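Right after this note come the structures.
One chain, subunit A, links the two complexes that follow: it is found with subunit B in the first and with subunit C in the second.
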Partner chain A sequence: MPDKKTFRGGVHPLHRSHEGKAPTRDKPVREYAADTVTILMGMHLGAPSTPCVKKGDLVKMGQVIGEPVGFLGLPVHASVSGEVVDVGPVQTVGAVPGMAVTIKNDFADEWVDTLEPLGNVEKCDKDKIVPAIKNAGICGMGGASFPTHVKFAVKEGQYCDTIILNGAECETHLTADHRLMLEHSVRIVDGLRAAMRALDVKKGVIAIEDNKPDAIEAMRKAAEGRLGVEVQPLRTKYPQGGEKQLIHAVTGRQVPTKKLPLDVHVIVLNVGTAAAIADAVIDGKPLISRITTVTGHVKQPSNLRIRIGTMIADVVGECGGYSLEPGKICVGGAMTGLPCPSDLIPLTKANNGVVVYSEAEAAATEETPCIRCGRCVEVCPIGLNPYKLKYLCDADDLKGAEENNVMDCVVCGSCSYICPARRFLTPSFKNTKDKITLEAKKRKGQ
Partner chain B sequence: MNLHLSSAPHAHSRESTTVLMLNVIIALIPCVAAGVWYFGYSALITVAVSTASAVLAEFIWQKCARQKVRIGDLSAVVTGIIMGLNLPPQAPWWMAMVGSAFAIIIVKCMFGGIGDNFMNPALLARGVLLASWPVRMTAWQAVTGWNSAVDAVAGATPLVNPSVYTRLDLFLGNVPGTIGEVCKVAILVGFAYLLITKTISWRIPVAMVATTFVFSWIFGKDPVTSILSGGLLFGAVYMATDYVTCPMTARGQIVFAVGAGLLVAVIRNFGNYPEGVTYAILLMNIATPLIDRFVKQPVYGHEKGVRKQNA
Partner chain C sequence: MGIAIATVLMAALGLIFGGLLTMAEKKFHVEIDPRIEQVRSYCAGANCGACGYPGCDGFAEAVVKGEAPVDGCKPGGLSCLKGIAEVMGTTASETEPLVARVICQGSRAVAKERYEYNGIPSCRVAAGIAGGPKLCRFACLGLGDCMAKCKFGAIHMEDNLCVIDPNKCTGCGACVEECPRDVIKLLPRSKTVYVQCRNSDVARVARDICMTACIACGRCKKTCQHDAIVVEGGFAHIDAEKCVHCGECAAVCPCNCITIPEVTA
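The block that comes next holds the complex of A and B.
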């Protein structure tokens, strides 16, 4: 598959500055362990785990410190060895505080065996792969943090014929996946093979945007001779790494509205998730660290392998500190990143980057009247009419917004990015989607 | 540390409304220059008066209506220049003022300001001037050259008597007409600039001119002369592409442009009136909400047969 595939619509943010990736894309990943880590119990989509350690306990690396709760539950593991200094709520990027376990690192890096290593991914018992993924606490590492084992829960009548590894990294600024593909390409392919074997899938596609030719090359080399694994270059365009856009670009299939990728026989995993699966299956190591890009206005933009639960202030300190007074700090890239209320926020399994913006970059823009230029309609990767939806959302017309398919909005930010009138399109759609979901829940409850 | 918490996206395209309007203004410069070259300084004065009146009218309206003054977005400048370029070169200065004031106050501001007018302001104002002062609006000054101070004798518009002018004259603009429409070279230069800066897409101008070409041919006229005559090119490039009054989707824009092109050919060939561009575009402006309502783009995951095709 040498041709570059893509989807309809989309934008090309920061195209004059290599999507903001230039400062970090050539920087090898550096290990970093902070003095203390604050590990959130609710890092994955689903109910937060219950802490099973208390203040004063001594824990080892990989030890379970949070027990899973419910169907979407995942265990949480200690990412350093040392003493538990606090168990309690801390500030998060979200509106509400989250329960967390704070551990003081003794830098002994002493492991405890929590999982059974299964060895070679091609030969191991394939029925043990999905339980290993669950017990390793793996959730989607691209941002949405959906528990990975649940993606493998194939229902009656469903089947999967393709697993796509998402190495598009279409977000601006981020180079974490890029560096992972360069430095751990074999691990990623091992993880993909493990995932394929777990469900007897014949085809695995590693999809990478063509602004990373070195990563495409590295992954091709690693995929050589591996059963059913191929590399698919994609055109550099945002949101190429969006799940729906990726599936359409690679397979030509569209996920029907309100359905999941498995309904079109596809599972999409981030390349980071695949590497975490390989660590869990081959070595029996739970997910306790990840690569994060720290960039923007920091003195030394870097790619760091951080322990889960490292504070933003600590990673910024490791990168030489702020190069100017920050105006906005976001976890994630410029298109979907979440703004942080302070830098005392712990990083989670899903945080692929920290971007620091200056006051000038962060200053609020003024919303001006829509000039009906149609750019939002042109770039919407779903084919919605953002200009029209905005009027409906502003009028709080939930029914009208739903009829105009607001629930299909993937909140990619393309319309807000391109709008010459600087209208707050994406935020109002996100808001309306949340309201509709809440209304539906209320109706169900009655 | 005082951090902003505004939500994503945290990056914006550099093309603001003002930048887009500035692009249009730059693209109009060749037309203004050509008008001055062919008709003299009076053409420049007409355009200057219409532009100043448009900006002033918007300013006064927004002050009186206690609205936020938005003349900084340059949209009134665009309307004013296009209004001026739509006038015959010998039009008196007060006609330029009346046209601009009507365009801005009645057509634009009274319907809600930028983005809310349902017809192209400059074009409707032209329509009103045509109806109010038909003789002054259609008495064409012969081409006199840039330094002429004489009000030369009026000549016939090429649409009435096409055989008088060669195709080359029509293309270069060596013909009577409104200030902006005569020089096709200038219009094409402006069109190229708008395409390069991605201010407009090729769809409406190309589809509209092509449609007029085809139907003029069918109606037995020389199609090349037809598309080079009158205000077709000027209207297709600068007025039919007005964001506010043309459809939002690519398909809708094609429908709009074909409709306008067809109307031009029909009015020119079967109407009482030699020029049809003004009314063709205005009629399609009115049809735009209807087109937007019925011509939609496919929505991901909703297309017919999505499920079947994937099974």
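The block that comes next holds the complex of A and C.
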């Protein structure tokens, strides 16, 4: 058995309560289809798709309702069959409202063939795999929603020798990937094999944190006899599932500043993405549903397979409703989750969880002066000096912050988590990163 | 004896180096345009950067080189403009000085909030989280990004709303650039009657989220005897050229979103 590998730094949030995963990790995934779905056109990184249906149209499951725009564009598919009741902007967790198509579900679940099934992943035409991934609308399902087909665009002079499947699920509270690995382990390995064949990669590693021994066992069993596929247990630590941390832990290679994983010959995919690839390649089914963990202060915390575009209010209702007055609702876990202004926010391809916090848990904390304990330096997985960066960011010294490598910050939140003075470290860095990007854009424009 | 030798040597060395330095100064003399210093003396001296050059020195140099316009220093006001024009030997065209005005009255008391924001005090960050804490997408978030940028201490926050002191404002425009919501506009100083809202939502929605939102009712337009008001894009605009600052529109506005003319001494 290979050693449990890891990276330098990091934290272990909620280590006394099984990372907050106990309420849902033993609950099998339940299917759930809501009455209406509101499918956002801008679910992936890159330009939002253009809606190609109008109010009153009848759509079937899997039908293209949004045409891709640009290099990073992805098509959007209807996740239910029924009537389009609205096409217009809706509130999202982002800065501006996003264009969305609202469909009333007729529960007929009628499919339309949008993709050609390629059949067995070991025998199919490997040149058709990447186009199938694009046409199925697959983007990274771990949270960043980067279009998957772009990850496979290997440039001249680059090559890939390892594909890593990210099954770390280091975020607190979430068990969506855990359940997927237990219930669909063969699908995940199929997806990995398809990805490996598409780029002629010889080695595929499925990396899983050691707090999920049952998932490690299940994936080992599924990977038996499959060419070049191995399972790598990792130490339970946050942000073990961060792309650069995962590559370092598994291969020992470090992704240099301003470089991408492909520059160290690695592609990282989420296990959910791999399962979606298998669905697209084997069955010709586009990405229209995903597993989402609904937990926190809801009556029955569950893992649900939801249709893309389901409202948070609907999934909470399916889980028995709120068990107390919610103070804050986040999509994603405690470390990287995004706060929602209300529960009328549609879930996207990348939302792996909904966590409801009580008012006491969500109460504001007051920032106090830095006591120079140095814990933030210890835990930073990148090796930055968060306490020093914070001074520079507060003084609005963009140049100084850039010289101290603020652009390498992955906004994991480890420093803010560990800080005994409760300093708002991570949000300051994110703000400064945004400002620097904006300045650079302005300069380019002039 | 030793002391005498040392003294003589030091004196000799001093003379030699002194001579060398004098020669070097003569030989490598850099011609500095005396006008740069003069132009610099007329500038506001805050190094605010509103002219687009690195500080007042950079601006003065650019003016003398002919790269920057003589009226580039907005904070300096009329005296600065006249002074620089005199140094440069041109006549200054007298332009109306500008002042920054807040096009929003949505303080916490009147504007409804979507959620309670308790992150870092920055409008830019708040605006990025689910559309910002205030329901109105045109509202001032009042977390002080502009206040931090103002070199003249003219901005303060009152109940989550930006307030600009026109007496301290020099019209440099640093706040206008910083605001993520484009709530601040530079208007001619004498134009004191303007609409303090630019919410383009339909009246029902606008009124629902803010008590001081312009609902585009058009009463101001009917009242105006000088044909200075147009209602367009969901809110009223006042044409500064035609407005005579009578203040009649402000008196009839049901939402109190037109300013009452200031009494200037």
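The definition used in the following text is that the second predicted complex is superposed on the first by the 445 of 446 C-alpha atoms of A that agree within 3 Å, B and C clash if a C-alpha of one lies under 4 Å from a C-alpha of the other, contacts with A are read in each partner's own complex, and residues count from 1 in each chain.
Criterion: contacts are C-beta pairs under 8 Å (C-beta built on N, C-alpha and C of every residue); 3 or more make two chains touch, one makes a residue touch a chain.
From a predicted model like this one, the values you see are computed outputs, not experimental measurements.
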item: Which superposed partner A:V53 touches (first subunit B, second subunit C, both, neither); value: neither
item: Winner by number of subunit A residues touched, once subunit B and subunit C are compared; value: B
item: Touched partner set for A:D343, first subunit B, second subunit C, both or neither; value: first
item: Contacts of A:D396 with subunit B and subunit C, given as first, second, both or neither; value: second
item: Partner chain in contact with A:A95 - subunit B first, subunit C second, else both or neither; value: second
item: Partner chain(s) touched by A:T172 [first = subunit B, second = subunit C, both, neither]; value: first
item: Contacts of A:A334 with subunit B and subunit C, given as first, second, both or neither; value: first
item: Touched partner set for A:A364, first subunit B, second subunit C, both or neither; value: both
item: Touched partner set for A:K435, first subunit B, second subunit C, both or neither; value: second
item: Partner chain(s) touched by A:V186 [first = subunit B, second = subunit C, both, neither]; value: neither
item: Residues of subunit A that lie at the interface with subunit B and also at the interface with subunit C; value: 338-342, 364, 427, 430
item: Residues on subunit C engaged by subunit A in the complex (per definition of touch); value: 114-116, 118-120, 122, 124-125, 127-132, 137, 148
item: Subunit A contact footprint on subunit B (complex, rising order); value: 1, 3-13, 15-17, 19-20, 70, 73, 75, 113-116, 243-245, 247-250, 253, 296-303, 306-307, 309-310
item: Subunit C-facing residues of subunit A, complex; value: 91-97, 338-342, 345, 364, 396, 424, 427-428, 430-431, 434-435
item: Subunit B-touching residues of subunit A, taken from the complex the two chains share; value: 11, 13-14, 172, 244, 248, 253-257, 259, 263-265, 325-330, 332, 334-343, 355, 357, 361-365, 368-374, 377-378, 381-385, 387, 405, 408, 413, 416-422, 426-427, 430
